Amino acid sequence: MSEVSSFSEQPGQDTRPGDPRFFHRSGPFTVEQLAEVSGADFAPAKAGGKSLFRGVAPLHVAGPDEVSFLDNRRYLPLLAETRAGAVILGPAFADKCPEATAAFVSKSPYLAWARVASAFHPAPPSTGFCHPSAVIGKNVALGENVQVGPCAVIGDGAHIGAGSIIGAHASIGQSVEIGERCRIHDHVTVSHARLGERVTLFPGARIGQDGFGFAVGPAGFETVPQLGLVVLEDGVEIGANSTIDRGSMKDTVIGAGTRIDNLVQIGHNARLGRCCIVVSQAGISGSTELGDFVTIAAQAGLIGHIKIGDKARVGAQCGVMSDVEAGADVIGSPAMPFREFFRNVATLRKLSARKTESS
Amino acid sequence: MSEVSSFSEQPGQDTRPGDPRFFHRSGPFTVEQLAEVSGADFAPAKAGGKSLFRGVAPLHVAGPDEVSFLDNRRYLPLLAETRAGAVILGPAFADKCPEATAAFVSKSPYLAWARVASAFHPAPPSTGFCHPSAVIGKNVALGENVQVGPCAVIGDGAHIGAGSIIGAHASIGQSVEIGERCRIHDHVTVSHARLGERVTLFPGARIGQDGFGFAVGPAGFETVPQLGLVVLEDGVEIGANSTIDRGSMKDTVIGAGTRIDNLVQIGHNARLGRCCIVVSQAGISGSTELGDFVTIAAQAGLIGHIKIGDKARVGAQCGVMSDVEAGADVIGSPAMPFREFFRNVATLRKLSARKTESS
Amino acid sequence: MSEVSSFSEQPGQDTRPGDPRFFHRSGPFTVEQLAEVSGADFAPAKAGGKSLFRGVAPLHVAGPDEVSFLDNRRYLPLLAETRAGAVILGPAFADKCPEATAAFVSKSPYLAWARVASAFHPAPPSTGFCHPSAVIGKNVALGENVQVGPCAVIGDGAHIGAGSIIGAHASIGQSVEIGERCRIHDHVTVSHARLGERVTLFPGARIGQDGFGFAVGPAGFETVPQLGLVVLEDGVEIGANSTIDRGSMKDTVIGAGTRIDNLVQIGHNARLGRCCIVVSQAGISGSTELGDFVTIAAQAGLIGHIKIGDKARVGAQCGVMSDVEAGADVIGSPAMPFREFFRNVATLRKLSARKTESS
């Protein structure tokens, strides 16, 4: 069942995941290949079953040559009725598979799923094609097999590493360094920046523009030149329409493996450690530093010049005005420990109800 | 008085609305035509008056061949002095018109105004011209009378419906389907998406990029392929620089007639019903579902995997962490009913003042 | 020591500020020239010292022919050890300079710094070059020495003032007026707008699209035509990916010298006075008016149709639902005076702790 549903025939229905008109596709794969890719243990179907798989699909949609996924007890009824040829799941659910369904059992089922789905649908590789409408400056160093999209503009002296993809309308500024196997999507602006390997910038990300710096003069504000760069280390991902300003006298640095969602603002001189997560519409003000594995939830805001310790977690819409210790969980505006925040909410609700009764 | 003011001659003054250098213009129209277009009742001016109208203008600016508008008692003094040839207003103000001014009386005066103003200033129709600098892929199906702007890029296999306009620098991805009479403004990115009819995307909107999905691996985060699409149903409008991620295993769907303002984030797998309003800088996290006619005010944030019932209203800056019932009004972070929120504010103010007095 | 460090030789180290591969560079300058530029008093080094300077650098990096800066007592230990040829500092620190370091003493050291750094690193002037890939419409008036970047699109009848720079992929709409010496960065969209002199728009700024206006009709929302413009007065700066909607029946106006950071939303008909500051991710709703010298901190939100008086300061994440008096400081959601907000926070903390003890 790897045929593609026609949109016009199924109005109101979801598109089949991984529709080949939109997505790159690989495979088929044997169970042994998928077991190796995913790191999961393989338990064959009791009642025969396929040994060659062609794609992934949700439990209620998957057919006998597709792999599906379960990680939540809530969906056990769907598991009981699935026609999927195989399912990736945790040890607790391993014996719940229907007889015709093989089990890939993993202590990290979501990770196993990520790997299996990526095997079937790898990110499309570089075509190595440089579109004739692209505008390439002087002394640009393009590595092997670099793809440059229509109307992309690459400034003088830029370096683009082997296997990287520069999307349509992307603008890469003078002297910018981009490492190997990066994916710079359409409409991205990068200037005054150095990128490591495997960096991904989603559409409309703005990297390297001036930080928001000025002095008050007698006739209005006067710009303070912003003379640092942006450094994005290996494996960093920056979401659509997010903005990362370059440093003023040092660099703005995003540590290796950190993932930043859409519409996030990172001010000049900020330093993020390795493997941080910054969710959509959060903002990190200038010169603030994050350790490693820090999580900043959606719409949170961090004032400038503070430090957030390793593995700290900042809740959604939190307003952080001072340092946060390593491992701490904070929320609220101003930020406070999770427990304190919810205790405050409960206290105020009780006091408010009492006042209403007595008045 | 339909001449246009010169900018240089009137420093500091507002431009006359609908300046023909910037806006498409239609007309003139007779009163009968305007009455029909607007659905309003027409009461002719007591003292003669024009029967042919050439444009719209505010009360204090409009001349005898222009139509103006009143919907707020506060502006009655301006009505008394207006030189407008006609005014659209509600029944309560119908007898307040000056003698030389005709009245269009409507129970929905703002709607009547929308229609009259749109008659004089319709959105510019497609020129049907495909600019030679545009880059059109293979097997692209362009309907009748499609306009494609300079430097636009359209990927292989895309479908663009009749009468649609693709703006300058827009990037339409491979296999994307765009219905009839859509307006895709400059610098928009659309990939992995199907759009119905009359969809409008304002500049810099990002539609269809990867959702924010990854698993934690031994050496850092590993991407979970995002294999669904974005579906924008008929009449949807998406504001400037807003971002709508495609689904992971199903589609992200925005229901017919829904209007989304600027800088809004919609996460993967979210589902919005019909005629919802999402105001600027609000964020809706992954897999959250909205019913029909839901209003999300500015800067509100909704956590993932919750449901918001029909006609619910979420206030500005609200932080919604759990389901909201149909018709409910919530505000605050965490969200609570409007009355409870303002009671809490009052309670805390009183307690705080008392503590200060007694200390 | 004006050589440039090689990236590959110094992994993990900051780039030297003002790296000539990325930044325009001027000079060298004599002390007299720098004293004049900065308005600071000059105190020569006790132990000889350079009289010709080649650049700026932080205290711990600067060499004998570079100028550095101190404005915070915290960094006095760095001053004691600096090798900088000169340091800009306030009167209180003037006698703390090492013997080989000259002092530029100013009551406004940050302003003096802005001017000295700008002398060494002026914003790059227009090349006067119009890239052949740019698409220029009919009757476009380009002033003297205008630079137009690759793939820029300029609509019919637009005016671009002398010395202005239009970046790569910028889209300037029909009849738009841009004054002299403006800097329109890459990927900017401007339509329905008039810009004064020295206006700077950072990448991805969206100026002049439709405001969010519609009436409720029987079959859904109906658009109210947005017939005003955006007016950006002299010296205005708009950050990356910020959005400024045009007016509905009058103009949206940003007053001279006002600076707007990244990802800010300004609704239709809003009026900002002179020299306001609006920090990243803040939002100002339609028809709201700000006086002069107003500061709106990050992620604050202002409801529509209110007035904010001169020199008022709105705190980060503040939710402003009513007028704010001139000179007031407000914070919280809903907005309240700073003192009241922090008193409320303290009160609730105490009450909450007491309830926990007694329960």
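Order of writing sets the labels: A, B and C. Residues in every chain begin at 1.
Here, a contact is a pair of C-beta atoms (placed from the backbone, for glycine too) under 8 Å apart; a residue touches a chain by one contact, two chains touch by 3 or more.
The model shown is predicted, which means the values in this text are computed figures rather than measured ones.
**Student:** Working from the CA atoms, figure out how many degrees chain B turns to land on chain C, in steps of 5.
**Tutor:** So the angle, rounded to a multiple of 5, is 120 degrees.
**Student:** For copies chain A and chain C, work out whether under half or over half of the interface numbers are shared, and give different or same accordingly.
**Tutor:** different
**Student:** Approximately how many whole Å separate the CA-defined centres of chain A and chain C?
**Tutor:** Spacing between the chain centres: roughly 28 Å.
**Student:** Name the residues of chain C that each touch 2 or more other chains.
**Tutor:** In chain C, 133, 151, 169, 187, 204, 241, 263, 281, 299, 317, 333, 348, 351 touch at least two other chains.
**Student:** Can you list the residues on chain B that touch chain C in the complex?
**Tutor:** My answer: residues 7, 14-15, 17-19, 21-23, 56-58, 108, 110-111, 113-115, 117-118, 120-121, 123, 131, 133, 149-151, 167-169, 185-187, 202-204, 235, 239-241, 256-257, 259, 261-263, 274-275, 277, 279-281, 298-299, 316-317, 333, 345, 348-349, 351-352, 355-356.
**Student:** Over in the complex, which chain A residues touch chain C? Could you list them?
**Tutor:** Per the touch definition, chain A meets chain C at residues 133, 135, 151, 153, 157, 169, 171, 173-175, 177, 187, 189, 191-192, 194, 204, 206, 209-210, 212, 214-217, 220-225, 227-229, 231, 241, 243, 245, 247-251, 263, 265, 267, 281, 283, 285, 299, 301, 303, 317, 319, 333-334, 336, 340, 343-344, 347-348, 350-351.
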